[in-house]
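Heads up, there are several structures right after this.
Next come two complexes, and both contain chain A; in the first it sits with chain B, in the second with chain C.
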Partner chain A sequence: MKTYWKKNQQRLAPWLFLAPGIAMFAIYVIIPIFQSMSISLYAWDGLGEKEYVGLSNYVELMDDDAFYTSLKNNVIWLVLYMLAIPAGLFVALFLNQTVRGIRIYKSLFFFPFVISQVVVGLVFSWFYDPNFGLLNIALQAIGFDPIAVLADEDWVTYGIIAAGLWPQTAYCMILYLTGLNAVDPEQIEAARLDNAKGFKMLWYVVLPQLKPATFIAMVVTVIGALRSFDLISIMTDGGPWGSSRVLAFYMYEQAFSEYGFRMGYGAAIAVVLFLIMMVYITAFLVKMYRDERGL
Partner chain B sequence: MFPTPIEKTSTASQTFYKIALPIALIVWLLPLLAVALTSIRSAGDITAGNYWGWPTSFNLLENYTAIFENTPIGKYILNSFKVTIPTVIGAVALSCMTGFALGVYRFKSNLPVFFMFVAGNFVPFQILMVPVRDLSLNLGIYNTTMGLALFHIAFQTGFCTLFMRNFIKAMPYALIEAARVEGVSEIKIFWYVVMPLMKPAIAALSVLIFTFIWNDYFWATVLTQGADTQPITAGLYSLNGQWVAAWHLVSAGSIVAAMPPVLMFFLMQKHFIAGLTLGAVK
Partner chain C sequence: MFHRTKTLAAAVATSTLLGSSLFAGELVINTDTSDPAPKAAFEALIAGFEAENPDVKVTWNLFDHEGYKTSIRNFLTADAPDLANWYAGNRMLPYVNAGLFEPVDDVWAEHGLNESLASAKGSMTIDGKIWGVPYTYYQWGVYYRKDLFEANNIAVPTNWDEFKAAGATLTAAGITPVTIGTKYLWTAGGVFDYLNLRTNGYDFHMALTKGEVAWTDDRVRATMANWKELIDAGFFLENHAAYSWQEALAPMVQGDAAMYVMGNFAVAPLREAGLTDDQIGFFQFPVINPDVPLAEEAPTDTIHIPANAKNKEDAKKFLAYLARADVQTQINDTLGQLPINSGSSVGDDKFLQAGYEMLSSTTGGIAQFFDRDAPAEMAKAGMEGFQEFMVKPERLDAILERLEKVRGRVYK
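Let's turn to the complex of A and B:
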């Protein structure tokens, strides 16, 4: 036994170290993905017998207006959330100086990302309050009528996204600030001698060097947009009349809420969301694979 | 350095920058400042609609003791710690091992196993929700802080493995080779050679995971209910429902909930940022 270990330990050791991690990950992440796919083929209230219904959950989805509303909102989230990247870059450029106390400024600007989305949601519901919210005080001061952002079907999703952009911009800012630290000063000086400045310098000299930061900012922003749940749950609970739902929220609502426990139907929504996310995950893995081979 | 260092520009733009900086900060944090200010107002101010004027009285102590005395917020905070601390320890411990295995050894399924962790870390929570809740119910750990922590440990292992593996991969391999030549066993190499070098990565991951888990709301609502098990994020949501229009209390509760991760961030800033950039932007 002992000699077997001695002889083969380089072959066995990695599996020994991997075993607990793989076991936990398989039980709580990998297997549940397949279980959800299977549940999506059943009608199930979570307690009683499961009834096999084939693809009928998916067929029902095709005709479900709430599903399309959620899907549409997911697209809006994805597109608008991307604004966090240029916004973060802008703030990072503004703060990338060496004046006194700048480090404290940088940390304070990062603040919104550190606090919970529950707090962000509460803060913004308040900011939007039609009676005393700061937004409406400001609107009235410049002569507009107050808007009840979170009670208005046309505004609500944008209002929540704006709240989400606050921490997300802070996140992108910190990624760019670290990236800017690594920008090669000699290239900048050389470009300055060639009379490059302002936007041209940013576009042709600085941004190419910030590619790794931009890549990570894109990854975390896409994931953040597709995971949006907390803010919607806190700020509107999907309302008014379901107009601010996204797939993640609609799934939760279907699977366990007062409207009944439709686990199968919820799982079908989750599978759709998973497939959308899979596009990004695959792209990310392909890039990682290339980088690995490139090493 | 880009943009042009401010000290090399005209005096006018230097002054402008020095004025713009604090103003920008105040605007950026305005929502938060409003909450902080409201959390020390009296109930009278709130009913009178005095949200933005000077407070008629400063009720710092009253409001903060009120939320601890009249609500289970203390319990919620304790639950948050009971979920967060085991998660940090568990996920970091598991990923030290997986990261070591994937970063040091060459074997056929190395990349596939690594990619499994990375891909799993990105999946939407909703696809796990129903089976994980079911599993917790069957194991009898539904509605316990341990049940919630176990799920978090498993899920965070994905991200932590990505981070640890990249960190270990960047370490000098010659060190391990040398130990092997000396006849040191693989387990001792892990413990005595690699682990001491992983301290910065462990610190970075710990602060990051602490913040992530402290701020988790989704899984808290899926796997726990009631003040005996719910962490502060879910607790704050239900308190918000009870405190209709008691904005000074909601604000004080929000500040209390935000405190631990904020303190963590300020104390361990360097590590925190190293963790956020996934080690990719150095």
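Let's turn to the complex of A and C:
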């Protein structure tokens, strides 16, 4: 026994250290993924007997308008949420100066990320309110008709994304601010001597050095877009008539809400959402792997 | 998530004093009655029960509304209390089917509840058994601004033409006839129910919510056509999809809207907002088809014994206590709602009196509510369809076909 340990100590030690993490990850992430996949093959209300229905949950999903609405909204979220990255960069560049009290301004800009998404949702609901909301007061002041953003199926998703961009921009800003601290002043100096300035300076000298920050900003923004849930729940509850739902919200509604408890169908939606995330996660892992090997 | 209320030490003390021969039963009650009035009503109810049954120690777990709807599924299976509150009609069907509620026919037989609670017996019965004890209900109808009606010389409308004329007068005066907030959908279900009850009657309402009638049926279309008349005439508050029912009270309080199709629970916030009883009135939803007997909506709240309860004996005692005429009088006085027991007396409040008068003379039948009579999934799809119809009435065909598709799946 002892000799076995001595012989293999180098090989076994890392696994021993990893074991608690692996166990947690398996129990809370890996196993539930397979459980979801298995539940998605059943019709189950969470109370009675599970009934095996094969792929019929997926067949139903293919014929479900609400599913396509949610999928479409998910894509809109993914695309528009990316605006947080350039916006965050812009704010970070703007704040990256040494003026008296700049720290106060930085914290103020970071503030929306600190407050709860629920509060953000409420604030924007009032902002959009058709009667007393600031948005419509402003629109009417410049001669437009008021828009009930959250009651209009064409506007509602964009309205919620705009609310989501507020904290997300703050998040990207903080990432870039940290990144800007690490920009090499000598390279800036050298670029100045070569007469680089303005946009060229930003594009060819500063941005390449911010690449790690951009990468992280992109990761958190994509994840943020895919898990958008709280804002939708607070601002519209998926409405009007389900037109602001995304997959995560639709899954929750089918599986856990007051009128739901179709665990199998909810699980099927979860599996689809998982597959979409998988594409992205794979791309992310491949890139990490390549970077580490210096390819 | 929930707070365990102090178990009354006095009860324990008494039972100890009386000697060890008395069995000190523990009775666990879970409820979601966390609003001020229901909470006070239950406090009094439990104190009263404990005073009469000193050997029973009540532990009361109070949940918030939304959390309760999810928790009840967990605690009924995993850690069942001895009593839990819920709702009559189809809302309790999943638990009855899953064998999680205990039938209480014996309590009904033993204490003469078949007579005293007769009016609610139908909505408590599934598969020929009775599954709980109802303790309160409340009327639905039209709450309106009396002063606005008087200022515009409008009499209380009793039929469809008068109702539409009243709306036209109000619109001409720059007042929205009916306020409504459909963000959480169920308010639209109330409007649909009343239009449907008045157009097609109670039996059709039940057949539709039980899935026996197609959503593309001409009778459903007749209801929707009546609804469209109101929508086209600008009856409803603009942008209602952005508001909750509470937010939609504001235009009525401010005098920008005159009516609200609502349950009696709307009276309390209207009063709190500063309207006096001279300004608020109530009338029965007007007749549409004179050949259809008037049916009303009056959702009933109930208490059940979970099948996995540990102390069913004392739980049945509690149900019998809850069903008593004097207890129901007292609890509903606090709740501001109507007692089920025919021997109870109704509070002096003018809205309670009006509701009691209306419901006790109802011949057409008493419905629970769209989302209590229809299964959850159908209810959700239906109410979403109603909301969409109220904003985009031109999509009627697509909506009804979608609902028909859901019906085909839900009722197997």
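Just so it is clear, the second predicted complex is superposed on the first by the 268 of 295 C-alpha atoms of A that agree within 3 Å, B and C clash if a C-alpha of one lies under 4 Å from a C-alpha of the other, contacts with A are read in each partner's own complex, and residues count from 1 in each chain.
Quick note on the criterion: a contact is a pair of C-beta atoms (placed from the backbone, for glycine too) under 8 Å apart; a residue touches a chain by one contact, two chains touch by 3 or more.
All of these numbers come straight from a predicted model, not from anything done at the bench.
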| task | Could you tell me if A:130 is touching chain B, chain C, both of them or neither one (first, second, both, neither)? | result | second
| message | Quick one: is A:90 in contact with chain B, with chain C, with both, or with neither? Answer first, second, both or neither. | response | neither
| field | Contact breadth on chain A, by residue count: chain C or chain B | value | B
| task | Determine, under the contact definition given at the top, whether A:241 touches first (chain B), second (chain C), both, or neither. | result | second
| query | Touch check for A:155: first (chain B), second (chain C), both, or neither? | reply | neither
| said: With both complexes superposed on chain A, which partner does A:262 reach: first (chain B), second (chain C), both or neither? | reply: second
| request: Could you look at A:18 and tell me whether it touches chain B, chain C, both or neither (first, second, both, neither)? | output: first
| message | On the A-aligned overlay, A:183 touches which partner chain: chain B = first, chain C = second, or both, or neither? | response | first
| task | Touching chain B in one complex and chain C in the other: list those residues of chain A. | result | 46, 256
| note | Given the complex, residues on chain C that touch chain A span 66, 69-70, 73, 76-77, 94-95, 97-98, 100, 182-185, 238-242, 371, 376-377, 379-380, 384-385, 387-388, 391, 402, 409
| field | Partner chain A, residues of chain B touching it in the complex | value | 1-7, 17-18, 21, 24-25, 28-32, 34-35, 49, 51-52, 94-95, 97-98, 100-102, 104-105, 107, 110-111, 113, 115-120, 122-135, 150-151, 153-155, 157-158, 161, 185-187, 190, 211, 214-215, 217-218, 221-222, 232-233, 236-237, 240, 247, 250, 254, 257-258, 261-262, 264-266, 269, 273, 276-278, 280-282
| Of all residues in chain A, which touch chain B in the complex? | 9-11, 13-18, 20-22, 24-25, 27-33, 35-36, 39, 46, 93-94, 96-99, 105, 107-112, 114-119, 122-124, 126-127, 131-132, 134, 137, 166, 171, 174-175, 178-180, 182-183, 185, 188, 197, 201-202, 205-206, 212-213, 215-216, 223, 226-227, 229-230, 233-234, 247-248, 251-252, 255-256, 263, 266-267, 269-271, 273-274, 277, 280-281, 284-285, 288-289, 292
| message | Considering only the defined contacts, which chain A positions touch chain C in the complex? | response | 45-48, 60, 65, 128-130, 148, 150-151, 236-237, 239-242, 256, 258-262
